[in-house]
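Just below is one structure, and these are the notes that go with it.
As written, the chain order gives the labels A, B, C, D and E, with residue 1 at the start of each chain.
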Amino acid sequence: MTAEHIFFFIFGGVSLIGAISVISFRHPIYSALALIVTFFAQAGLFVLLGAHFVAAVQVIVYAGAIMVLFLFVIMLLNLGTLSLKGALSGKLKGVAILLGILLAIEGIYIAVTTLNNPNTAVASSEVAADTSYSIEEIGELLFKDYLLPFEVTSLILLAALIGVIVLVKRGNQQEN
Amino acid sequence: MLLSLVIFLPLLGVIAIALLRGMGASTVKGIALIISLLTFLISIGLYYGFDADIEGFQTTDLLRQKLNWVTDLGISYHVGIDGISLWLILLTTFLTPICVIAAWNSIEKGLSGFMMSLLALETGMLGVFCSLDLFLFFVFWESMLIPMYFLIGIWGGERRIYATIKFVLYTMAGSALMLVGILALYFQNDNSFDFVALTQSGPFEHSHLLFLAFFIAFAIKVPLFPFHTWLPDAHVEAPTVGSVILAGVLLKMGTYGIVRFCLPLFPEAAANATSWIIPLAVIGIIYGALVAMVQPDLKKLVAYSSVSHLGFVVLGLFSQSHAGIQGSVLQMINHGLSTGALFLLVGMIYERRHSRMIVDFGGLAKRMPVFATFFLIVTLSSIGLPGLNGFVGEFMILLGSFVKGAFSKWYVVFATTGVILAAVYMLWMFQRVMFGKLDSTNESLRDLNPREIVLLLPILVLIVWIGVYPSSFLNPMKMSVNEVVRKVDTTQNTPAVGQLKFNENSIESGQIIESENIFMTNEEAQIK
Amino acid sequence: MLSIEYYLILSALLFTIGVIGVLIRRNAIIIFMCIELMLNAANLAFVAISRSLGQVEGQLFVFFVMAVAAAEVAIGLAIIVSVFKHRETINVDEINSLKG
Amino acid sequence: MNLLIDIVIPIVKILIIAHMLIIGVMVMIWSERRVSGWIQDRLGPNRVGPQGLLQPIADGIKFLFKEDLIPNHVDKPLYVLAPAMLLVPAMITVAVVPFGSSIQLFGETIILQIADINIGVLYILAITSLGVYGVVIGAWASNNKYSLLGGLRSSAQMISYELTLGLSIIGVLMLSESLSLRQIAITQGEGVWNCFIHLPAFLAFTTAMYAETNRLPFDLAEAEQELVAGYHTEYSSMKFAMFFMAEYMNMIVGSAVTVTLFLGGWHFFGLENMGGPLWSGLISFAIFFVKTAIFLFVFIWVRWTLPRFRYDQLMNFGWKFLLPVALTSIVVTGTLWIIADGSLLWIGIGNVIAAFIVISIVAGIFMVDNSKKTTVDNTVEVSLPGLDAIE
Amino acid sequence: MPTINWSLLMPELVIVSTLFIVLIFDMIDSLSKKVLGWITIVGAAIALWVSINMLLVGEVGTEFSGMFEIDGYSLFFNIIFLISTILVTLISLSYLGTDHKKQGPYYILILLATLGMMLMAAGNELIIVFLGLELMSLSLYVLAGYFRESPASSEAGMKYLLLGAFASAFFLYGIALIYGAVGTTSIPDIATKLNENSLSPLLLSGMFLLIVGFGFKVAIVPFHQWAPDVYEGAPTTIAAFISAGPKAAGFAAFMRIFLDALPDLEPQWNGIIILLAMITMTGGNIIAIAQTNIKRMLAYSSIAHAGYILIGLAAASNDGKASAMFYLLIYCVMNIAAFGAVILAKNADGESLLISDYAGLGFRKPLLGLFLTLMLLSLAGFPPTAGFVGKFYIFKSAVQAGYVWLVIIGAINTAISAFYYLRVVVKMYMNEPEEELEFNPYPSTLVLGLVVASIGVLLIGILPALLVSPIQNAVM
């Protein structure tokens, strides 16, 4: 039991509990908070994996921006607590959970077989021991090899910006 | 060149009508008539350019054209005719002007659309008969559906939508299979859709399945029992002109397809299939006749008689004999003429009385003597009275299949009862409509007007001509039929190039011609 | 380093929970959160795999995915707000005027 | 020895810093009241202890012994959780702030910083962005119209200004070529303070920092006149005290970060290098302390000088002025870095000129826009259909 | 500094420039907003011209460290997307009206979506495909909910968004798994690293998730549920757009990934694709029969068409690819035109969306009747329209690959589809209208769009060689 194990189980456990809470809390606010917890735990996992940059971005973007938006909208719409009956779709529930369990079993099976399968890249690669990448390296790659995706991302954000303005900006019609 | 002109001239008419339809109904009618007559006249030119001694397709530039179309996919624009298609083309170009005249006053709504559909349909039909490229054939085969769909669907009777949808779905379901067949042939033909090349290759892999794919498509069109259920609906609901074209030409596409594709391309499969096709054909003959007998509706009666008549054609086609096939081709024309005329006559009376029920009539002969005369002649032709066209075709079919058919002679015997039944239902119908007490509501019916007489006269002339002197029709198709027979005759498995075979053929055709002569003399004797 | 399968299993479980959530929850916002959860599961897989391969690319993917997720959330919430204005509900079962 | 370096020293550092923070908060509470008294030409608290120095302790005792009310209509778990959610981020931010160079003790070099992580700036941004949750959750859990409005305002405001906060330090990062706060401070010590190179960015950052800490003139989340007390209307006793402490802690940490990023950190023109290995560390710490204190004084000064913004003004200001300025700073710094071959002078001048141009253009467009409008939109941009349902 | 061969990126650059020109012009209040639409059209037309030129010249190459591949394939898809964009913009000009203030963002989003599609077609790296997909989808979510004052439009936007984002997550997870299995996300590298022995559950499930993701995006049964709702609720022009360009883009990426990156897995995916093709065609066509709303009918028809195109993918050959490309192009044109005709059928009360509203339309509005009939016939696959040639080509490639049964099912489906397409024609020409309706005059731009589309459909129907040869060159 190394420290990594311990931390993995702590963070992993928290993220799992958080995730389950997201789908089981009745009130959206609680779900949102549970999701924030999950994201935090994931940031911890990223740190364990040596991805400090990603961990920080995870907190800034997900916890700091995305979830605030969620909270903002939930509060804005002031969604009252929905009864569990209305919150869950009756006809789908059983099927969904069954499907989910199957999916989970499959996922675990895949993950477990991964290492035993020498054809899989992750299994056959020589695991680089403790490489943690500095932001300089990430930045260089980002602006050289991955310039195109980076630019596309900016366009995606432009699309989002314009879209949101169109969708919620008030009153162009009323003014006319 | 000439052939393409014939095919696309009606399409030119469509465009002309589309552009000039603002100028009034008479202009539209005029254009349609002129174009269709012109097409007919030019198509007569095909007859004069036709060389009856050539085996296979005509080779002169006038009657054969090949252009690259989609080179990458092995598709070409290739049209040509032989003795079989020649007559079907002429039949088409002959019937179209008649249809134009028949529709002269009966179409009130959307006249220009009607004429456009009619002319477009003509192009489609001519294209089907001329195509020597499978893709082209399929294009025409499918595109013909749309105008026909409009003809029935827009200008038809009460249940026209049901009928037209049924018609289209049946046909498309069939053509779906044919499409697969065509594609499969394409890959066995050096990635080419060319039909002439196809006739020289083969035998093909999976020929039984391919045969089936083609045959079902054509059987639906014929329609062979049990694929016939669309036919009565379509006929009953179609306007007069639609019925004429449907009976006169469209049904022939099925039989044409069989004789053009199924038989020569897959002779062995065809021979094997004979065992179940012949029973179906015979069932069709008898079933059609029996059902026709109990129909209270004139149009339905004629429609079911078509099922019966086309059963004969199929019987003849699969008899593998020269006489049978030749008879079948001739019978296609006969059926086109006489059933077309019957539908025209039924349409005429419907226009006057707005009923097609036999019980509504009776004693019409007194009020409408000219009509009754025409009706009688056409009825007799349909029954197959010696001296009229029906007899020649049916006799040759029965003779050919009895003498040479590779199936039990009992089938032929049963089929012959169809002729008798035809006489029963047709004459009974004639009697009920024309004789007996004249209903008071029918007192005011007018006799035929000059336009209608002009309309029927050419058909009558042909009916008698074929009946009296069929050789003028049989001779041009002789070599083409020979070729089909040579391919079909499974007793000779080797390709037909050798001297010996030629001899056999000549002997065989000699026999046939002989029998023809016998039969002609008989007929002449009878007439005398 | 911890064996990669731990991370993959965790990621698969998170993804599954997200899928179940999308299917069983009827509140549009919660559904949307579940979708975010699924994206995050993918992110975890990316980072774990890139770590195990000794590559840095996986981290970049995560970076892009996050940007995309942010854009998606912004638009998604805007649309949800505009639906709410019309219907006074965001229960996807009640939002059913489009049916043939 | 390892034990000492790895565990004991960090723990000691954490304890010292945490206590300094708490003491700092007390001092801030006292000085805020004294300074405001001074600014308004009155006395301020002066009864408890000399010069009222013990006033914060008295306040604390009062908070502790006050009855801990939890109103019936609130959402209990979140209501209880919210103050902590605000306080914790405020406290942990300080972990990456370098408050001095380093001292030699027991033969070990001890850096005056809890953790020098290589993504320090990102860490700060990350944690700062979490501060909003305490406000929002507290506001929502209170189940009170005023609180909710306060929370909504707060969340929108914080998200808006966070952008400026983040973008305005990109120029700094570009020149320091590092995300470590310590490295940034050292770079400034070797060269020029960043506030001179990135003057517009510095001003934008400071302004955004004010907004992030919900201080006047940006305290719309708790604007008494409009919202009673905004998000903490329903809070009292120790929970209220935690909100209160968090606000001051945010101020202190914010000032410390600003000092590190823009005002040279613990550097003061070579003064920090005087003395031996031990003394230079302590001097640097003192320099840092003084700088932070001065900055904090400005915080208080601004509060009692400027009036509060209206909400739409706040938003317009953030999006239409600060954000362009921050963006311009990035573009200009980057461009001049290449064109002027890294000349800091040119970058500094260019930044100011560019910011000036941008502001003029924006102001021009903005004024034209405003003159056309007949009515002024002074509510939240989106309407609140669900608001009626609160009662 | 990496050097970039800008000439390779010309079409994309033109679109980006147009985008920014529209963005700037939108800020000028005094400007008639119709100009923005025309700018969009001109920009797209220039990009189209550039793409065609590049295709004819045969300019190929990769850019951005191999992530962006310009080849005949991507250029041809560019042509499809740009034609869709131009047609949709043409029919939008009048649809949006003159007083609508939201025109600028509309065109910008259309251009952004187009750009996303182009990235999907040219992306040589899974992550680029994903980003292109998201750029396209995000723009489309907004466009679907664009008329926010209409509840239907908002709802359509929300449904599209939720299911679209759900699908994106599957897609992304699929990429992650493939990345784990192969160790790279570059399409050519995947192909080289894969061989028959590299099967692993990780890879297979990644592939499967990709199929699910694409299935949602291109609306394949059983992932199609969003399509009818979105088509019905979204603005009609946008429904046309969604049914055309994005579907083509989805297939572009689908085919590139499965045929270029995972050809070694063909035995594994082929069966799934064939099955999907069958149920998609059949399901789409059969449900379409029951529809009373023409937009929903067109939605199901577009689902069915996705099934036909899958046949081309299942054929897994150059010919199959070429036939799918051919089909996609003509499908886009005819589908947009069909939606355009639906817009044209707008009467004084608003849009006629029920099929029964079309009664008697053919005689009273002959031009409209002609357009709609032509497009429906083409969709049904009757000669001499382009739809016929397209289906023929696809079936041919499938027969070549030995999938005769698939073709038979496809051909029977064609017959089924004729039923509901013709039903509209039936209504238009064979029924009398229940009530007299007032009609607006034809907007000239809309008619222009329809005329262009009709000429295209007929021309390609009669002279398919015009298109077949370039496509065959493009996929070689």
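Criterion: contacts are C-beta pairs under 8 Å (C-beta built on N, C-alpha and C of every residue); 3 or more make two chains touch, one makes a residue touch a chain.
Please read all numbers here as calculations on a predicted model, not as lab measurements.
Novice: Chains shared as neighbours by chain C and chain E?
Specialist: For chain C paired with chain E, the chains in contact with each are A, in label order.
Novice: Hey, how far apart are chain B and chain D in touch steps, shortest way?
Specialist: 3
Novice: Per the contact rule at the top, check every chain pair and give me the one with the most C-beta pairs in contact.
Specialist: A-C
Novice: Which chain has the mean of its C-alpha atoms lying nearest to the mean of all protein C-alpha atoms shown?
Specialist: E
Novice: So which chain is farthest from chain C, going by the mean of the CA atoms in each chain?
Specialist: Taking each chain's C-alpha mean as its centre, the farthest from chain C is B.
Novice: In angstrom, rounded to a whole number, how far apart do the mean CA points of chain D and chain E lie?
Specialist: Centre-to-centre distance between chain D and chain E: 50 Å.
Novice: Just the number, please: Cα centre separation of chain A and chain E in whole Å.
Specialist: The mean C-alpha positions of chain A and chain E differ by 30 Å.
Novice: Report the inter-chain centroid distance for chain A and chain D in whole angstrom, where each centroid is the mean of the CA atoms.
Specialist: The separation of the two C-alpha centroids amounts to 28 Å.
Novice: If I count partner chains per residue in chain D, which residues reach a count of at least 2?
Specialist: Residue numbers touching two or more other chains: 382-383, 385-386.
Novice: What are the residues of chain A that contact at least two other chains?
Specialist: Residues 53, 57, 65, 69, 72, 76-77, 79, 106-107, 110, 114, 121-122, 125, 146, 149, 153, 156, 159-160, 163-164, 167-168 of chain A each touch two or more of the other chains.
Novice: Two-or-more-chain contact residues of chain C, please, as numbers and ranges.
Specialist: 8, 11, 15, 18, 32, 49, 53, 57, 60, 64, 68, 71-72, 75, 78-82, 84-85
Novice: Mind listing the chain C positions that touch chain E in their complex?
Specialist: 8, 11, 15, 18, 22, 28, 31-32, 35, 38-39, 41-42, 45-46, 49-50, 53, 55, 57-58, 60-61, 64-65, 68, 71-72, 75-76, 78-80, 82-83, 85-87, 92, 95, 97-100
Novice: What residues of chain E sit close enough to touch chain C in their complex?
Specialist: Residue positions touching the partner: 127, 130-131, 134, 138, 141-142, 145, 148, 151-152, 154-159, 161-162, 165-166, 168-170, 172-173, 175-177, 179-180, 183, 185, 228-229, 232-233, 290-293, 296.
Novice: Using the touch definition from the top, list the residues of chain A that touch chain D in their complex.
Specialist: On the chain A side, the touching residues are 29-30, 33, 36, 52-53, 56-57, 59-60, 63-65, 68-69, 71-72, 75-80, 134-135, 168-171.
Novice: Which bits of chain B are touching chain E when the two form their complex?
Specialist: Chain B residues touching chain E: 68-73, 75, 109-110, 113, 135, 138-140, 142-143, 145-146, 149-150, 153-154, 160-161, 164-165, 168-169, 172-173, 175-177, 179-180, 183-184, 186-187.
Novice: What residues on chain C touch chain A, complex-wise?
Specialist: 1-21, 23-27, 29-30, 32-34, 36-37, 40, 43-44, 47-49, 51-54, 56-57, 59-60, 62-64, 66-75, 77-82, 84, 90-91, 93
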